[in-house]
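Here's the structure, in structure tokens; my notes come after.
Going in written order, the chains are labelled A, B, C and D, and every chain counts its residues from 1.
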Amino acid sequence: MMGEYVAGRRYDAALHLLDRQIVDPDGRLVAKVDELELADRPDGRLVVTALLTGPGALGPRVGGRIGHWIVAIWRRLRIEPDPMPGRIDVADVVSIDSAVHVGRRRRALEVDGLERWMHYNVVSRIPGAGHDPE
Amino acid sequence: MRRLFAVALGILTAIGGFVDIGDMVTNALVGSRFGLSLVWVVVTGVIGICVFAEMSGRVAAISGRPTFDLVRERLGPRVGFANLVASMAVTLLTFIAEIGGVALALELASSVNYLLWIPLAGFAVWLVLWRVKFSLMENVFGLLGLSLIVFAVAVWQLGPDWSTLWNDASRPSVPASEDAPTYFYYAVALFGAAMTPYEVFFFSSGGVEERWGPRDLTTMRTNVLVGFPLGGVLSVAIAASTTLVFLPVGVQVDTLGQVGLPVAVSLGKMGLAVALIGFFAATFGAACETGLSVGYSISQYFGWQWGKYVRPREAARFHVVLLLATITGIAVLLTTVDPIKVTEYSVVFSAIALPLTYFPILVVANDPDYMGEKVNGRVANALGSVYLVIVLAAALAAIPLMILTKAGQ
Amino acid sequence: MKPTRHATYAAVCALALTACVTPATGTDSYRGKASASIEAAISEVETTRIAVDALLDDRIMVPYADETITAAESTLGAISAAFGSVQPPDDPQADELRETVTALVDAAGEAVTDARIASRRPQDADLRDALTMLDDVARELDAAEAKLR
Amino acid sequence: MTLSDPRRLHDLLGLPVVTVDGRTLGHVNDVRLAPGPALHGLRSELLVDGLVVADRHAGSLLGYDRRAEKGPWLVRVAVRFLHRRGGYAPWSAVHSVEWGDGGHVVLAIDRLDDRDATLT
């Protein structure tokens, strides 16, 4: 499944990339592609620079009062005064199929603050949290 | 030989796992009030769940993506969110009903009030979700759930007039003692009980948990196409048993204890003991499935790591959701709300939520980007489209019928 | 989000409708409520009868029978309370109906209570007595239901 | 290479698409991406190739507006009904973009390419 994008293949951002599951090299689920970050190049071309993840990126897309709440709750849970959504550089994307595969492990990507908080403060404190499933 | 064993085990657990508290209560109630005149709904529902479970199983096996993952991709974050909230509410309601069912089954076996069993039942369910391997959970409760076959034996032992039963089932009409809106209200309820949306969340996520690939398609199809219809036969057997014992004397089922009485009448203590094991296994197994489904749907919408194929601490948010769902379930039941009433509402609300789940599955199963050559064939699409219309009609009719009949009174 | 809110509102209304007993507006509606109460009472009496029968034949576990009968007993209490709280219309016929139905449902409650007591200390003689009582009350309920229809 | 401040895709999707003389052609329904030539001998970047334009957005994520043969018939007919007009505008034809609320995309061409909306 690893490899470059399929040669000559074109992707429709909303249809093939937005809301797709991001998967790390171990097959672990990282996040959803909640938003794409774009930038203008000096030559006038527009390029995708990053995948954005988390409620801060999702909220504005949901829109309305619910979208507003999603962002507000997320801000309240973060320590920083002006938190930024999780960001995965487009250079880390390895391939796109029914999921978006990235080349770095989810820990290294540092986009799952809530997961780690739950991990250390709740789940790891319950006996058997490291119990192997098989 | 091993392959054969795996297929047989899969079919048996699909049969045993098919029936849950909603199926038991709704079928028993409908049998006692309407005889077999609503069997056509169970048949329609079983074919429907086969069509959509096969589709969602195939999508999971080919693309590796479970249902809710795709719901958001195809409906967008906004409609997907509304869908998440509605589906989760229904699944949570079903989860509460199942835990209540476990406690009621334990009460019947022990004479200790079900309210005292609820914390224990809830904790036991959580412990299974936390600790027990996915396939072990599926196999144990699926096989124990097979004890509900005792209802079929009971019907046979009661020595009914088979041709009358067949006539009632094959020429449906509204019984003289009931009016048409009530009849159709229970038709919607039975349909919701047979096609509960959690079954496809669970089935497709289970496929990912068990790492299905394209090679497993045949096994998956056999499980669905043989297991689910035989599970449906158990549902009909429950309805037939209450038809035979209760309909002539005017009993209307409203407790789990009544559901088992025909077995006692027909087969005595041994049969009743087997039925009790069946009640326990069916509700406990379904409690695990619905609990997991709550976690699956939230995690898949937000893209969190989910599943029992990783250590709990690797899926921390998922396990926090499971914990919160269990605590909520226990808390709601301790308000002394009647679990049977919760069940009756859960199946109707299931019917309302059906299109939300089934429409995206039908679309994705047709998408070559996910499915390659394994997109829906003509038969799957024809059936899928027909069922989309049926499911929409049932969903739209549910609330007006509920108001009109004061929830089936 | 509008449609979702409407659906919730409708659901709450439906729940509210089923949760409380509305005042009966006319004699017909009152007869309907009386008939529904009788029907519900028949269901509980017959359930109890089946359970007691099974106990006499040793076809049911004592705790199971006890739970089933206790549930029937409390449902009968609820039926009696619900019907009692309906304001009958200003009509002597309705008052008569009220007395008949209340007496019948209460008699059913007593018969089921006797059955519950007998089921917890299963002696065949007590169970048979309870069964006779249940038979009698069932017959009266059936007759009343036939008259109301 | 220096880049502009980061923007979000959400701010481009849904913008009205107009011609230089102010005629509305539709709205940005999707943004087509194409991998560019490999950079640094490693992975390629994702360039915007053009805009998928349609008169309405509802149901577009289902993908029926971009594949000719997709079933089932019932859903295809219903979704196609929502997307009668539409087409494709290559990025080279984009004259200027005003981002965000109240913004719009101005095209240097006055007709959309209606063959190219389907994906290859």
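By our rule, a contact is a pair of C-beta atoms (placed from the backbone, for glycine too) under 8 Å apart; a residue touches a chain by one contact, two chains touch by 3 or more.
All figures in this text were calculated on a predicted structure; none of them were measured in a lab.
Chemist: Once the contact rule is applied, which chains count as partners of both chain A and chain D?
Modeler: B
Chemist: Per-chain Cα mean versus the mean over all protein Cα atoms: which chain has them closest together?
Modeler: It is chain B that sits nearest the middle.
Chemist: Counting C-beta pairs in contact, does B-D beat B-C or the other way around?
Modeler: Pair with more contacting C-beta pairs, B-D versus B-C: B-C.
Chemist: Using mean CA coordinates as chain centres, what's the chain B-chain D distance in Å?
Modeler: 42
Chemist: So how far apart, in whole Å, are chain A and chain B when each is placed at the average of its C-alpha atoms?
Modeler: 33
Chemist: Return the distance between the CA-based centres of chain C and chain D, expressed in whole Å.
Modeler: Centre-to-centre distance between chain C and chain D: 66 Å.
Chemist: Check each residue of chain A and list the ones that touch at least two other chains.
Modeler: In chain A, the residues touching two or more other chains are 18, 61, 64, 66.
Chemist: Identify all positions of chain D at which a residue touches two or more other chains, and write them in rising order.
Modeler: Residue numbers touching two or more other chains: 61, 63.
Chemist: Send over the residues of chain B in touch with two or more other chains.
Modeler: Each of 73, 76, 369 in chain B touches at least two other chains.
Chemist: Which residues, counting only chain D, touch chain A once they are in their complex?
Modeler: Residue positions touching the partner: 1-10, 12-13, 29-36, 38, 42-49, 52, 60-61, 63, 66, 91, 119-120.
Chemist: Going by the contact rule set out above, which residues of chain A touch chain B in the complex?
Modeler: 16, 18-22, 28-32, 34, 53, 58, 61-64, 66-67, 97-99, 106, 114-116, 118-119, 122-124, 126, 128-134
Chemist: Quick check on the complex: what are the chain C residues that touch chain B?
Modeler: Residues 1, 4, 7, 10-11, 13-15, 17-18, 36, 39-40, 42-43, 46-47, 49-51, 53-54, 57-61, 63-64, 66-68, 71, 75.
Chemist: Considering the complex alone, what residue numbers of chain B touch chain C?
Modeler: 82, 85-86, 107-111, 245-246, 249-252, 254-255, 257-258, 260-261, 264-265, 267-269, 272-273, 276, 345, 349, 352, 399, 402-403, 406-407, 409
Chemist: Can you name the residues of chain D that touch chain B in the complex?
Modeler: Residues 61-63, 67, 70-75.
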